[in-house]
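These notes concern the structure reproduced below.
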Amino acid sequence: MVLSVLLIVSTLIFGLGILAVVTRRNAIGMLLGIELMLNSVNLNLVIFGRFSERIADPLEGQVYALFIMALAVAEAAVGLALILALVRKFGSVDADAAGTLKG
Amino acid sequence: MNSPLAVPLLLIPLLPLVNFIILIFWGKAAPRSLAILSTACLAAATGIAGYLFLTIPDGPPTTAMSADWFFVDKQFFFQFGIMIDGLAATMALIVTFVSLMVHIYSFGYMEKHEHFGRFFAFLALFTSSMLLLVFSSNLLTMFVAWEGVGLCSYFLIGFYFEKPSAAAAGKKAFITTKLGDLGFITAILILLTIGAQTQTFAQILDFESLKTMLAPRNAAYPLLKDWSFIVGLLLFFAAIGKSAQFPLHVWLPDAMEGPSPVSALIHAATMVVAGVYLVARMFFLFGQDPNLALIITLVGVFTAFMAATIALKSYDLKRVLAYSTISQIGYMMAALGLGSAVASMFHVGTHAFFKALLFLAAGSIFHAYHSLEIRRIRRVAKFMRTTSITFAVGALALAGFPYITAGFFSKEAVLSAAYEKFPWAFWVLALTAGLTAFYMFRLIFLTFFNYPVQSVPKRSSGDDNADENHEPHESSSAMTMPLVILAILSVAAGYFGWLLPVRIGGEIPHGGTNVLLTSIAFAIGGILLAWAIYSARIVKAEAMVENMPTIARFLENKWYWDEIYDATVGRLFRAVTWLVAQFDWYIVDDLYHLFGRLSVRAGMSFRQMHSGSVQIYLLTIAIALLILIFMYNITRFS
Amino acid sequence: MGVSSGQTAAFLVLSLLAISGAFYTAFANKLFHSVLALLLTLGSIAGLYFMMGAEFLGVLQILLYMGGVVVLFVFGIMLTPARDEDRLPPMVKWHMVAIIGVGLLTTFLVFIFYYYTGQFWHEIRITPRITYDKMFQDISALLTDKFLVPFEVLSVAILVALIGALYVARKRE
Amino acid sequence: MQYMAFLPELIVVGAAFVVLMFEAVAPRRASGSSFILAAFALLGAFLALWFTPAYSWGSVLRADAFSSLVKSFLVGGSLLILLYAWPYLRERVSGISEFCFLFLTSVFGLMLVTSATNFITFVVALETASLGMYTLAASMRRDRSSVEAGVKFFLNSAFATAIMLWGLSIIYGLTGSLDFSAVYSSFDHFAASSSMTPEIKPFHLLGILALIVGIGFKITLFPFHLWAPDVYQGSPTPFTAFLATISKAAGFAILIRVVVWPILPLVGDMQILFVALATLTMLAASTAALLQSDAKRLLAYSSISHAGFMLIAIATMRDVRHLSGPAAAEQAQAVASLLFYLVAYMSATIGAFVVLYTIESKRKDSSLKAFNGLWRTDPALTFSMTVFIASLAGLPPTIGFIGKFLIFYQAYSADMMFLLVAAVVATVISLFFYFKIIRCMILNTPDDEVSFRDSPTRAFAVILCGAILLAIFFSEPLRNACMEAGKAVLLR
Amino acid sequence: MEGTTLHLPLLMMVPIIGMLILMLVPADKVRLIRQIAVAASVVALAYAIYLAIGMNNPGVLNAEQFAYSFSHPLFAVGNSSILFSVGVDGLGMVMVLLTCLLFVVALIVSLNIENRVREYYAVFLMLEVGCIGVFSATDIFLFYIFWELILIPMFIIIAVWGGRNRQYASLKFILFTLGGSLFMLLGFIGYYVAGGSGDLTHIRQIASGSQDLLFWLVFIGLAVKIPLFPFHTWLPDAHTEAPTAGSIVLAGILLKLGTYGFLRVLFPLFPSAANYYAPYIAVLGVVSILYGAFLAMSQKDIKRMIASSSISHMGFVVLALSTLTAGGFAAGTLQMVNHGIITGGLFLLIGIIYDRTHLRGINDFGGLYRVMPFYYGIFLLFALASIGMPGLNGFVSEFLCLFSGFQTYFAPMPLLMTAAVFGVFIGVIYMLGLVAKVFSGPAPEKWRMLSDLDVRESVSILPLCFLVVFLGIAPGVILKSIGLAMDLIAKRVASM
């Protein structure tokens, strides 16, 4: 029961993350959404480690989460740098401001 | 399987052929001397033909030579073969002789023409093809020659290539006869198909073996017998095309655009009777099927009558002669249909002489008057004595003037044949004979004497630069000499009719007194009527026209055949062409374009997905995920 | 079940906090509010980690995420021109599609999880209490043994991220 | 000894660090030397690949014939791309030494991707490469669209990666591990057990679908390909070539490994998805390319369409349990065909891009107009480009034909008529835009009289096109290598 | 390997070497370039003639009745290999000879090309390699490779040296032929999968159930090239826009590839499907005959008209081939050769006045007889050959095609066969109309200045003239040399 509930919580966070990514107009906002999605993934990993009988070694899941966390940080850093460059070139944080390439 | 006859027999067509090659390549350099050479060779060929005519043994034909031409499957060999029998020898003699006359005549007629050499080249080629046609021992060889004469006819009709009407006439002649040739080739193909099925492949095209296969007593080839009607019909269609019979007669009058010697040689004496010759050659096929015979008779009789009526109202000297040719060939066809090949060939022979004579004389008149418009040419008798006399002899022969002309005998033979078999045919043909006499003498009375000049529409088939001030004069001896020879023959040939049964077999039909009297009456009556209207002017010609305007217009427009064909076959053809072109353009081609357009349209919509907005891309991914998951879980919800 | 009712209550509270934080992150008008809401979510998730016996991860979550990433975002927001979403029309044409689509997706996933978890994870296994030291050792053992290569590569990745960020952010001539 | 197995990677990443050192020590002279070092490192790695033994590092990493072969594609391709990019880089890219560092680390990451036998290794390696690639996309000087490309690439990639990770977390929950071997045996066990009813299967597929979204993004499958044309167009052209070939090759390598190993027990259910994606990718990309006027974008669409063709080989994969017997041989052959196609595709695409950025660096224009009248100014380059395009279009006697032939052969052997017809239609459509380039080169008159004669790319292009043309006679060793790789990747 | 000779690869090398030499010559040495190119083609022709004469030597033919065979595996697919396997039987030899001859003619007639001469000749020589390759390939995939190798050179020829609408035409050409041949490739692959080998000298029987689909796939590829009725629309465009030499090669050789493929590939590989579907193909052939003829009637452009007439004439070939008898095959082959010569000549002749006037409309001309009598004579010769005048080569082959068509199909569908005969008649109408319009009538002032054929033109047309007459009189030369091959193919098809 707890497993279900927690998985559903995680799924909701995941969905809200996606929603943030596809609706927030600010590129930083989109980045926030991606962080939410990654957190949901980590949460999943921990939940399964804790509550699933199929998991032999729950620590492995935590190690995975650790990796993902580190990657999220790295991505955030690069992403913010790119967004700053975007602001510099296009004068806006709006992800859609950079819409010169299309078709 | 060469026989001793092979050499002379081959020599006859080969001599002109060699001359053709020489003339076509070097004719420009030394036209006159090469033309003399050509004529000399032709004279030699004529000599050989005459020799053969006199010496070949009676009975079945002798196959002189046959050679494999090509093959399929290494078992079906198509052969190129020549042979000779009485029929062929007779025909060959007529062809070579008339051709020789025309050659001689052409020295005078074409004297100043720039393409003198080429003219002789084509004459030579034609003669060669015609002789090959005559000597061919199987249908395929005959078809080759058949096409060859058609081609030469095309060249020679269109000889004055700068005249659009001449070019058009050449085209019309070629296409119309080619339509007939379809019958020929289809017949050959059907025969071959039958032959392959009955294991008689090699023989089925050969006249002699076909004859034995078709013999009434021979029951070994039922399939062939079943198909003989169709094959006969197709071959007859070819003959119709070549011989300008109804319904393919329309090309011959237009063919008068060619030089007069050509008209004399090809469109009067020789080529146009190739159809008759074909039917005579295949008489074993046509003769044994009453339905075929009836069809041939009907076509012949109808053509004879129809052409004669058109000639009544024709104002072009050569066209009148052309219609008379059509009409006379109708006689020949009718004779064949009536079962008398001999009568037919008799008429072929006499007709060759007097029709060649008439055309050559007409050419002579044209040479002097530069016109063929009979409403303008006057007093020929005064200016051109020889020409007018010979022309009159020819006309008499054509009219069948009793007992002195050859035409009388041959026509009487045809009428007798008709009288024996189909009286209705006899009466129509007799009436036609009367019409023939009438229109020929209409010509003579109009042009030879001083009939008042009528108002003339500007165009006719001749060059219309008739110079009124120029005094017409008699043609050179090169032209008159053949006229005289032919005139003599036109009279004399009738007395040699007895030779034909000897050479061909069968006998000349004699219908007895009734036929004799009827034909004499019609011939004389026609002449008298012409005299009454155009010389004595007892009856006014104009008045007759006014009294019967519909008929006059009907005849003047040649029974509207050209218009009818144009409105039916021509229109159908153009419509199909148009339809195909539209179909090709708007349906077939556009179908492929449609594929292109669809791709571009699809591309446009796929392109719109790349809107440039990154969030839409992400949304697309999310929705794609949704769809994927949904699809894979769809079983849960169903 | 093996989980006490107090724990259950704590789970529920933390979950609710995490969800509401995520919700506000997605829908807040001001970006700064979003970041704060994210902070809330991250904190609640850290709490959940602690509750599920993943203390090491929870600590890292607080240090790396709440301490690092969020600060990064705050800096980012400060460095970029004020560009608040409330100055724009709240909905762009595809937002409706987005909300419906993603909503469907989420509902769908929730349904699937709800439907399937009962069948698959029959028993809820309570991991034995692992002491903090032991856990740290185990994790480091994993990292230096089985996951040594990814761990090393991760360091390269972080270096790349650093250099890359510098490379992009550097003012160019 | 185990380090020998990963010597090429070590060379590459080591060189990357040295490049970084250059920049730190002598920033002024760093550009040239780092470029040269990068080139030599790639060359060294390429050579080192010949000596790498097969080796498994626990359950997370494995060097085998398959990974070696793909790595040689990656390294060789990168070398070719980099080698002739110098004029372009000098002119249009800022900070060549950083570029080289990021380039090398990207290659490094992608090389590891091909060796990964654990999903998290895969993800970490992929991210290592991606982090570099985001910045490489944005590395152009004075060019807005480059930054746009970088941002778009980043956002798309991060999003797709997040989805993929989510899928991996589900897989982890189902199988208890992210090792390929563990996942495989777990799935295999489930698939064989009675509990795997048709009703429950979809749940197992959930993670796999998300995984395919992530990899599909990398290899630009419809509808995850939307980023590709934009990013390809905006990036510096050498990097576009990198994206189109190296990155895609790595993506296919991991896809192959995933399909034939961890998710093999469930691959039967994926087949319909692969067929659909392949069809849509081929058709969508080729039709959309019809309307392009920018050569880079055109090649981007072409590259997407080729991904669809390559996916055909994946779609022929079946659940093969025994590693001996005809079915496995068929499977190995499918892998080999895909790898061969990959070589064909990479060689022609690299050639085309090399020609493109040679022209671009002279004419400052990447639209089709830049190709106008190339024949007049440089017939050799024109000839080479024609051959590259013919190879892309799959016309004989180029290597592209052999590749296409092998793919068709696989599809036919697997009885996939529908896919074949779609492939033929897509090929016909693609001809239209391929020949657009040829038409520009040979028909249109040039706008200027820029000469390319001094360019060393000419020699390179001619040699590459010679190789492409003569491949039909000499491709046997390559095919054997592909076959070996195909057999190796099946081992589990 | 026993009986292996390098003759055919060497023959293919001749144009390649010529091409390579051309690449080394500076582009501005136009005279030298022309000499090299023509010399290469003449050497190839001489070599081909030498090989043709050698065909009769004992021991040249191998066990499968292919001469000069050479085989080398290219790469392995499945359990077997794709081979570089060449060899010629009588059929292949005749077609190779025709190819070499027409290329000499085409290269000589293009001596007046001034624009990008080097590239022009290089592309043509490459085309020649492809054509020789197709006619001598004895592996289906090698066949396909050479088949496709032809496309790009032809595309370039049309696109660069073509007429006003060349872009559209060249693209259409490439899309159609390539699209079609992709289906053919599918068919080949299917055969290879089923039969396990693509060797045409050892054809393996595949299950008749699987033949149907493959048969039609291959058929589409071939039919596009021929072109048969629904796939023909590329032809008029391509022909019209191609330069003279391009049209000659297109009409003379490229169209033959399709029908050659019928004989070499389609029928032998899928005999039971061939037997089953032959009547349908015959119907398509007859439809092509009539459709092409009517299409030609509707054209206003001389080249388009001749191109459309090709559709009609190739219909005869298809009709003959569809009989599946040795005789029909021989007839079709003969018609292929003859059509190549005749239509090649006609395009050459049209090119000559196009060079002089830059006009191609039928109505643009008139009265050329007076201006260019020699030209007229030759044009007439070809026109007559085209409409099947006995004594010229067109007659024999058309007659034989109809003959074999009648043998097989007259009994089941007499009307259709009669319609095929009617196609000949339509040919007469438009061809004669063309000749009459262009040559007769008064010569307009503007054409008075046209010169008759010069040396280049005469030299290029005279060999064709000779063949038109020679093959009309002695078609046995070809029929004899292809006889054995035809028997074998027919036997193979009949054996199912």
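Lettered A, B, C, D and E in written order, each chain numbered from 1.
Just so we're on the same page, a contact is a pair of C-beta atoms (placed from the backbone, for glycine too) under 8 Å apart; a residue touches a chain by one contact, two chains touch by 3 or more.
A quick note: this is a predicted structure, and the numbers were derived from the prediction, not measured.
**Q** Among all the other chains, which ones are in touch with both chain B and chain D?
**A** Looking at chain D and chain B together, the chains touching each of them are A, C, E.
**Q** What chains, if any, are shared contacts of chain A and chain D?
**A** Both-contact set = B, C.
**Q** Grab the C-alpha centre of each chain and report whichever is closest to the global C-alpha centre.
**A** Centre-most chain by C-alpha means: E.
**Q** Decide which interface, D-E or A-B, involves more C-beta pairs in contact, and give its chain pair.
**A** D-E
**Q** From the C-alpha centre of chain B to that of chain C, how far is it in Å?
**A** 102
**Q** How many angstrom lie between the centres of chain C and chain D, each centre taken as the mean Cα position?
**A** Distance between chain centres, rounded to whole Å: 32 Å.
**Q** Averaged over CA atoms, how far is the centre of chain A from the centre of chain C? Could you give it in whole Å?
**A** 7
**Q** Round to the nearest whole Å and give the separation of the Cα centres of chain A and chain E.
**A** 65
**Q** Two-or-more-chain contact residues of chain C, please, as numbers and ranges.
**A** Correct list: 94, 98, 102, 105, 109, 112, 120-121, 147, 150, 154, 157, 160-161, 164-165, 168.
**Q** If I count partner chains per residue in chain B, which residues reach a count of at least 2?
**A** 607, 610, 612, 614-616, 618-619, 622, 625, 629, 633, 636
**Q** Two-or-more-chain contact residues of chain A, please, as numbers and ranges.
**A** Touching at least two other chains: 14, 17-18, 21-23, 25, 30-31, 42, 47, 52, 54, 60, 63, 67, 71, 74-75, 78, 81-83, 85, 95, 98-103.
**Q** Identify every two-chain combination in which the chains touch.
**A** A-B, A-C, A-D, B-C, B-D, B-E, C-D, D-E
**Q** Chain D touches which residues of chain A in the complex?
**A** These residues of chain A touch chain D: 14, 17, 21, 27, 30-31, 34, 37-38, 40-42, 44-45, 47-48, 52, 54-57, 60-61, 63-64, 67-68, 71, 74-75, 78-79, 81-83, 85-86, 88-90, 95, 98-103.
**Q** Could you pull out which chain B residues touch chain E in their complex?
**A** That would be residues 24, 68-74, 76, 143-144, 147-148, 151, 154, 158, 161-164, 166-168, 170-171, 174-175, 178-179, 182, 185-186, 189-190, 192-193, 196, 576-578, 580-581, 584, 588-589, 592 of chain B.
**Q** Going by the contact rule set out above, which residues of chain E touch chain D in the complex?
**A** Those in contact with chain D are residues 74-78, 84, 116, 119, 141, 144-149, 151-152, 155-156, 159-160, 166-167, 170-171, 174-175, 178-179, 182-183, 185-186, 189-190, 192-193, 213.
**Q** Can you list the chain C residues touching chain A in their complex?
**A** Going through chain C, the ones touching chain A are 1, 3, 8, 11-12, 15, 18-19, 22-23, 25-26, 31, 34-35, 38, 41-42, 45, 48-49, 52-54, 56-57, 60-61, 64-65, 68-69, 72-73, 75-77, 79-81, 83, 85, 88, 92, 94-95, 98-99, 102-103, 105-106, 109-110, 113-114, 117-118, 120-125, 127, 135, 138-139, 142-143, 147, 150-151, 154, 157-158, 160-162, 164-166, 168-169.
**Q** Flag every residue of chain B that touches chain D in the complex, lowest number first.
**A** 596, 599-600, 602-604, 606-607, 609-610, 612, 614, 616-618, 620-622, 624-625, 628-629, 632-633, 635-636
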